[in-house]
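Chain lettering (A, B and C) follows the sequence in which the chains are written, and residue indices restart at 1 in each chain.
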Amino acid sequence: MPNDNALAIVEVENVTKEFGNTRAHRKRRPAVDGVSLTIDHATRLGIVGESGSGKSTLSRLIVGLETPTSGRVAYRGLNVHLMTPSVMREFRKNVQMISQDTSSSFDPTRTLRDSVRRPAQELLGVDKSTADALVDETLAMVGIAPWMVDRKPGDVSGGQRQRIAIARSLVVKPALILCDEVVSALDVSVQGTVLNLLKTYCDENQAGLIFVSHGLPATAFVSKDIVVMRNGVIVEQGPVDDVIHHSKNLYTKTLIDAYKGSARPLISKPVARSPLLEEAAR
Amino acid sequence: MSVTISVSDETLTAPAPKVAGRKILAGIWSWAPLYPMAAVFLIAVIGPWIVPLSPTEVAGSPNLPPGGAFHFGTDSTGLDVFSRTIAAFRNDIVIATLTSAISTVGGILLGLLIGMNESRRGLLGWVARFLARVLDLIQAVPAVVIALALVAVVGTSVYSLTIALAIILTPNQARMVRTEVLKVRTDAYIDAARMAGEREFALTLRHVLPNASWPAVENASLVFGSAILITATLGFLGVGLHPPTPEWGSMISTGASDAAVGRWWSFVFPAIALLIAVGSFALAGHRVFGRRSD
Amino acid sequence: MTDHKESAGTRTLEVLRKQRWWFTRVLVLPVHLFFFAAAVFFLVRMIPGDPVEQLTGGQNVSAAKMEQIRASLGLTGSVFSQFIHYLHNVVTLHFGNSMVDGLSVWGELSQRLPETIELTVIAMVIATALTVVMGLAAVLKPRSILAKILVPYARTAGAIPDFVLGVLGILLFYSTFRLLPAPDGLYAPTLNPDPTVTGFPLLDALFAGDTVMFGSICAHLVLPVAVLVIAYTPLLLKIFLRALEEAVDAPPTRFRIAAGASRKTVLLSVVRRAAPSAVAMMGTLFGFMLGGVVVVEQLFAIPGMGLYGVNAVNSSDRTALEGFLILVATISLVVFLIVDLINMMIDPRRRPGLAKDGAS
């Protein structure tokens, strides 16, 4: 067993990903082009960029859902795409990704509990009742009542589904969590709760966190370092403060300027009540 | 003066018999589209036992119009049209049921196999693409012609016809499932299943199959109808079930020459039975699966 | 900086790459034909019974004669050599002679083919025209009585048995109302056929100026064509109606209307959007119609290919069946190719492998 805190969890080594397998398609730009990253337990990394910058593809490469066209992704030194099944299980247990809820993040033909339980059963090798206990524990963490997951995905709201999705990833206590646009579709008031939840989990469990988003405020909140991507390439990376306030890169500066205009605080004040309700309450 | 309000016992018991009865009636009425299909199955099962006369042996003088002992008259060889029409249900329904089952199950499995693997490199990918091409080619040639070719090889027993029809009707089922699989593949929960450590094969059966099979299942009622029609067409052309086995297609074929001289009964009754059989399944399918697809 | 000295080779490759979409599709046709020919080869050899015995009719024949017959049927040698021989024959159109009446298979087929094609083409043209008219009518006046009839009619797609319609037609229009001629072939038996110019009976009658014959053929074709059209138009209509509805609701159409385009322009654009699915369906429609033609030829005694095939199956006439199957397969594949190409022409998104330069 490799030792814990000093070693990197995931190493992205000069990874390039091109899509399509006909020569005509290859002439297009690769989705990810020569990216290298080192990720360990202390990582609090934000990845920002516009749509099409390659951040989602990069996330998928990191968690092993895509195979690099060149370069390699390594988990504790082992190439993710050449792993034996048992090492793969350990990899998946330790590296989890949470996606944006596009209302298809859960199998519509199965209950939510079944979906949340699945990682525990497959990756931890526990039986159903132990898995259930873990599920309930994790649900408490995200503030979802246990009975709610005995329903089907269509029966709960989007915000609830997103939190249940987070629970699904956390139930195996991963060492690295990758969040891909997890708060972009949520109400602003819920965003804060979720971000705090993620931050707390990672702090308490010594887990690494990668936060991919096209929204700067949320990213800035959870990250210590930021990577700016454009057209598949990293154009800038560094500590959050430096990149946001002292960037020398023209593209980054344009990106940030777009946000400076809206001085919206991240955690919103309590939602204003309808004047009619106020009236009735008197 | 105090007002006493009396509550009679009747109002306290609920629901009142009338309302309950209306609910049951509504339930019976809402499932009505399935009754013709049930009737068809019933006749298929008990038909040969309840017919008054033999469906395969001459019962009277030929070309008698409907009336008397011969409810539907006799055909040009003296066979009772009524008994033959009723007895014919069994053969066609057996063939159609087997064909629907085989082609739906086969179509789902093939559609899964092709849809999940057709964009992979390696052996599985080539196999999937090859199968897809084969299925396309089968669909390019008219069904009747394929049926003719297959019947020449496998003969015309009930089971041979089932095989031939299954070969003809499975490709469309597979195509519908494949289209759905291609959509389901990219849904987030499939990747989530991979993240949860599920292996490709288990994931395909556990998540893709339940979500991508419905087009084939919905279409099964139409497959039923198609099977009956193709069997009847083959019977009409004289390459179906051997006479004097009662079969609507061959009955209509003999009825055709009668029709040319105005003897309508040997053609009309089998034709109506055929339309009822095909229509009842389409009706039932429409009711069960809703108005999603026409 | 472009290099102006591109070699002719590079330029040719450039042209080839851009035109790739259609000639790859065309090149694939021989491959498909090959597969079909192979399938027919093995299928026919799986027909039960010994073809030699069939030919000799159980008479006592010398071994040498048997070998001779075997050789003429192409059954000597290894399977592989038989296959090569067979392929050679197919490509050179040597389909052998019928095992039943000894007539040349290709001779018979080539004579009957035009008649079948004539029937199919007429039916398809009318069905297509009707579909376009009915589709537009249903979409333009969705609440009219016409629409209320057309939509359920379209739903019956593929459920109307053509032979039932045919017999019904004979019953009603011939025996009851005496409006149409008897189902005794392509034209009245008392007439003499015209000299073959094109092979198509109708055209030959025109060329010969034989109006009596022309009229007789038309009268005899009314029912067969009507049966095919009524039975199979719903297939096309259903797809066309659905595509039209989608096209009418599509954002580009709405934009056109909002931008004030004329009624005619919008209509044209809607039809153009709906066309690809309908055109794709026409390939399948042709397949169904060809199947229907087999039935119709039997019923109305029209001497076409379909009748030939059915007889071949009934009498286990292997050589005839072989020729028939290959011919039908070839026609089907060619029609599919044409339909595919037309579709790829009107809807550029369907062209495979074309690099989408510019967008995305």
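We take it that contacts are C-beta pairs under 8 Å (C-beta built on N, C-alpha and C of every residue); 3 or more make two chains touch, one makes a residue touch a chain.
Predicted model only: the values in this text are computed from it and were never measured.
Enquirer: Applying the contact rule given earlier, which two chains have the most C-beta pairs between them?
Expert: Top of the contact-pair ranking: B-C.
Enquirer: Of all the chains shown, whose C-alpha centre falls nearest the centre of every protein C-alpha atom combined?
Expert: B
Enquirer: With centres defined as the mean of C-alpha atoms, identify the chain lying farthest from chain B.
Expert: A
Enquirer: At what distance in angstrom does the C-alpha mean of chain C lie from that of chain B?
Expert: 27
Enquirer: Centroid from C-alpha atoms only, then distance chain A to chain B, rounded to Å. What do you get?
Expert: 48
Enquirer: Using the average of all C-alpha atoms in each chain as its centre, how far is it in Å between chain A and chain C?
Expert: 55
Enquirer: Over in the complex, which chain B residues touch chain A? Could you list them?
Expert: Touch residues, chain B against chain A: 121, 187-189, 191-199, 207, 210-211.
Enquirer: Which residues of chain B touch chain C in their complex?
Expert: Contact set of chain B toward chain C: 134, 137, 139-145, 148-153, 155, 222, 225-226, 229, 232-233, 236-239, 249, 252-253, 255-256, 259-262, 264, 267, 271, 274-275, 278-279, 282, 294.
Enquirer: Taking the touch rule as given, give the residues of chain C at its contact with chain B in the complex, in rising order.
Expert: Residues of chain C touching chain B: 32, 35-36, 40, 43-44, 46-48, 154-155, 158-159, 161-164, 166-168, 170-171, 174-176, 182-183, 238, 242, 283-284, 287-288, 290-292, 294-295, 298-299, 309-310, 313-314, 316, 321, 325, 328-329, 332-333, 336.
Enquirer: Once bound in the complex, which stretches of chain A touch chain B?
Expert: 21, 60, 63, 65, 85, 88-89, 92-93, 96-97, 99, 101-102, 104-110, 115, 118-119, 122-123, 165, 168-169
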